[in-house]
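One structure below.
Lettered A, B, C, D and E in written order, each chain numbered from 1.
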Amino acid sequence: MVQAAAVNIPSLSAGNFATVYNLFSLAIACLLFTSLYLVVSQRQVAKQYRNAVIVSATVCAIAAYHYFRIFNNFEDSYPPGQTIDSAHQLSNIEFNEGYRYVDWFLTVPLLLLETVAVLALGRAASKKLLFKLIPASALMIALGYPGEITNEVVPRLVWGTLSTIPFLYLLYVLFVELSKSLERQPEEVKHTIKMLRIALVGLWGVYPIAYLFPILGGDFFGGEGGFVLKQAGYSIADILAKAAYGLAIYKVARVKSRLEDP
Amino acid sequence: MVQAAAVNIPSLSAGNFATVYNLFSLAIACLLFTSLYLVVSQRQVAKQYRNAVIVSATVCAIAAYHYFRIFNNFEDSYPPGQTIDSAHQLSNIEFNEGYRYVDWFLTVPLLLLETVAVLALGRAASKKLLFKLIPASALMIALGYPGEITNEVVPRLVWGTLSTIPFLYLLYVLFVELSKSLERQPEEVKHTIKMLRIALVGLWGVYPIAYLFPILGGDFFGGEGGFVLKQAGYSIADILAKAAYGLAIYKVARVKSRLEDP
Amino acid sequence: MVQAAAVNIPSLSAGNFATVYNLFSLAIACLLFTSLYLVVSQRQVAKQYRNAVIVSATVCAIAAYHYFRIFNNFEDSYPPGQTIDSAHQLSNIEFNEGYRYVDWFLTVPLLLLETVAVLALGRAASKKLLFKLIPASALMIALGYPGEITNEVVPRLVWGTLSTIPFLYLLYVLFVELSKSLERQPEEVKHTIKMLRIALVGLWGVYPIAYLFPILGGDFFGGEGGFVLKQAGYSIADILAKAAYGLAIYKVARVKSRLEDP
Amino acid sequence: MVQAAAVNIPSLSAGNFATVYNLFSLAIACLLFTSLYLVVSQRQVAKQYRNAVIVSATVCAIAAYHYFRIFNNFEDSYPPGQTIDSAHQLSNIEFNEGYRYVDWFLTVPLLLLETVAVLALGRAASKKLLFKLIPASALMIALGYPGEITNEVVPRLVWGTLSTIPFLYLLYVLFVELSKSLERQPEEVKHTIKMLRIALVGLWGVYPIAYLFPILGGDFFGGEGGFVLKQAGYSIADILAKAAYGLAIYKVARVKSRLEDP
Amino acid sequence: MVQAAAVNIPSLSAGNFATVYNLFSLAIACLLFTSLYLVVSQRQVAKQYRNAVIVSATVCAIAAYHYFRIFNNFEDSYPPGQTIDSAHQLSNIEFNEGYRYVDWFLTVPLLLLETVAVLALGRAASKKLLFKLIPASALMIALGYPGEITNEVVPRLVWGTLSTIPFLYLLYVLFVELSKSLERQPEEVKHTIKMLRIALVGLWGVYPIAYLFPILGGDFFGGEGGFVLKQAGYSIADILAKAAYGLAIYKVARVKSRLEDP
């Protein structure tokens, strides 16, 4: 069968190991301290915006927890070689991509909930929207997982394609349906909706691209290169889509608090 | 003697190990962060509902602690094999189902207390009800434990049956007795009572079913399959009966707070 | 010399190990989460009762810390045998009963302070009472320790008897002296005083009894049985005298808060 | 050269090890939970006294952190022997007295700052006083360290004497200079100043005495005895000078809060 | 090629190891407890200054996390030798300077943001200023990293020089541009701006100097000496530029709070 870069590639050069290692540590730091910052800052926003901030903090905390596990797992899967410059050989402990999917399974619906809450549509409209978005996001994650943990090109492509269907549906709902509701919104909210919508597409689009790296094949993408790029893609996208996004929501909540209760 | 799937089955395939491992990690994440979310959100509800929210947070924290122990214990009982694809052989450290029963012993009475508190019966009626429910729940857990840690079918069935007696009594009290009191309640509370009652039966019913999996025998249920299904059943039920249930109670408390003090 | 069950008995059956292990884990869970529950609930009581609740939380936290140490120590002292069913042989690391005495040395005076505070005697009367109770309790713990760490019957009995003198003095002060002051108290406080006084005697009386188990001798008490019973006695008494007692004090504080400031 | 008891004495009897071990654990418990108690109790005092309480909590937290390190370091430096009764031989990991000096370097200035704050002198007078006390205390710790980590009598005495010069200057400033300012203070503050001043001298005086134990020589002080006494002296003095002292400052702050805003 | 002191020097004397070890532990203590102190003290300042204090606390927490990693990494890279006095030989685990650069990458922009916030320029002026400072600081860190992890003199100098360009630009903006805005500020703010500006230059200037130590060559700087000096320089500068700086900002915020709302 056509082989993609294996999930558990047999060896990582010292430099590649260090790059991924430092990125995971960066992700832990960003996510953990954004979470703590948001919890401590909770009182800075008006009562009606606190739940948005607390959910953002929770999303970052969940992700920090999973990056902590991923970090330790990475150290166990690729222990140091004979010398500092030796490659790190894969041990008997697999590098468990399941942590990412467990993380996304919990955080993606919360991010959608968060976004819809910030849009401040009516209660009924919000419910209807989430009723479409949350099952679609769960399906997207669930269909992506079997493709992620296979070492072969064809099933990776098939599951990835299946996962892309609910993903495109998500984008459709966020673009087409929301654009309709956009007309009924006040001026400031319009801008926020557009900005967050674009951020979602721009950042969330990184995930399917990173997913494809190991498939590209060749000496680079089919080996360590594909692995490193995928980890870097997922990690940087996670930092931006959770921590930076959470800080943006906090800023919106703070500005609105100031406007409404000066 | 007729053998059920052993509590400590001798070996788990790499795939089965990963499934259980990821479920335990999911349970930790769900329970820990629901607990933190509820603690941080405490101030969002009126004073008279805070105890309900704090108890929900405590239930989730107790369970998170036990899943943390279960997770570490599982890693010690089934260490990695020679290669990533090897089965995980049972080590000399038992997989201790005692953690679950210690957990249930503490959390089931708290969940009942929580539910009764949310019903907002009078003080005397609440006391009378808990006086029936809490001893019954303690008995249910205590009688289930000896059946859980045996590898043989007959005692598993006997203790399970004995444990089912207080379990059915619990259901009886929650259905028959409460239905009486239901008539005297305002309209919104009626709906809540019915919903929570159904959730209790639907979710709590998963536990005795999961308990039975290892007994079913045959190649699948009598071996790894029965073990994996039981762990999955218990874990998913725990997530729903504690974390999702706690979030539902928080939502009720928040809505009531808004209605009573707009 | 006449031998009692050794502090560090040479071996524990798999079942006995599991019993003690699960009891220690239960104690950690009860004490840790009671402490967290009380800290989070602090605001539910009026300002004048908060110190009582915070001290109760501190007592449970100190004990949770020590049970955490005892739990890890127990695992190190009795490592797993060849198979899951093998007995756990004593390693080269002693099972350190010192943790319990360090714990009691800190928590028993705090519990007495707590109890006197709840009685709401005048400032001068409280001081006079604590001036008797606290040194007596310190003496009781200090005299008990040498008897606890000996493997011989006679010194165990001698130190235990010496320790019982301040213990009986404590009971005397709590019964005779307080009964006098009882007459001058309002009706509700009378009931509370009587209830707490009885709880103190009933629960604290478990400690000297558990202390005696290893002395009883014979096949059961002179071996593993005496060890297991002693650990079970101490652990269950600690859970009740700290966690349950702390929750009772919290309930009293909450009721009084409601009565005084409705 | 004349030898003092070595910093890293080659072996500790089981009993001596247990004594030091239990004292370190006692210190962790006292310092950690005093810190947590003070943080949680912060709101019990008026706004103007909160910084005093928070600094006290910080001092205890810093010390708890260092005792945690010292405790782990002690376990690594003196691992268990063949049997429970064997002496603990020094391993290849030194017992690092540096932790104590890092701790004192941070906590002694904070304790002085705390004490001066509680005296409630004017802003200018406080500044002038701290300008003398803090550099002197830093010098005292810095000069003591080289003497602490040497195994020889003469340098230990020389550095100890040099360190005593700023120490005596500290006492002089606290006694002579403050006694002057004492006359200008209200009646209650006078008593507090005298009490704290005496506590400082009485407790701080333990440190140079404990420092001398290993020098005394002979079979007892020149060996394990000197080591155990020094550790006991430092640890008990730390518990009293930080935890008990912090609780005293909290009590003062609480009484003053009650007097000023009843 | 001309060699500088290697990043991973092959061996450290016992004394050098202890010096660096104790400095890292000091850094953890300073940064962690400054962070906790600031979080707990948050309420002591007026609402408009809380974000400044929370960001300072976050900077210290991020750095404490990284020093914790650096500390553990240092222990793993230079394990103890045969005896306490033996040199610590480099193991097969590299001493990862990446932690520092990840840390700076996050904390330097936050410190600049913090400083600009404290200057209380208008919203537009602040934005414009940060738009210059933050990218320059990111560039400075990014260009310094490749020079830090090389063992050769020439690339170390080249990257260091490139990194110095944005560094000097930072100083220019902080001195020249801010001096302009200085004229439009009230009297107290002028003093603060000048003081903080000088602190920034004085402390931040330590980093490029410490960076140069391993280049100086010769027996001392080219070996352990250069390594120890570099670690000491970075660590002490980090303590002052984060913890001491954060405390200074807190003091400013507290004074301003008192002035504005007495």
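Basically, contacts are C-beta pairs under 8 Å (C-beta built on N, C-alpha and C of every residue); 3 or more make two chains touch, one makes a residue touch a chain.
Just so it is clear, the structure is predicted and the values come from calculations on it, not from any experiment.
Student: Rounded to the nearest 5 degrees, what is the angle of the rotation relating the C-alpha atoms of chain B to those of chain D?
Tutor: Copies differ by a rotation of 145 degrees.
Student: At what distance in angstrom does the C-alpha mean of chain B lie from that of chain A?
Tutor: Result: the chain centres lie 30 Å from each other.
Student: Between chain B and chain E, tell me the centre distance in angstrom, where each centre is the average of that chain's C-alpha atoms.
Tutor: So the centre of chain B lies 48 Å away from the centre of chain E.
Student: Which order do the chains take around the ring when read from chain A towards chain E?
Tutor: A, E, D, C, B
Student: Within the complex, which stretch of chain B touches chain A?
Tutor: Result: residues 14, 18, 21-22, 25-26, 28-30, 32-33, 36-37, 40-41, 43-44, 80-84, 86 of chain B touch chain A.
Student: Over in the complex, which chain E residues touch chain A? Could you list them?
Tutor: 8, 39, 42, 47, 50-51, 54-55, 57-58, 61-62, 65-66, 69, 90, 92-94, 96, 98-99, 102-103, 105-106
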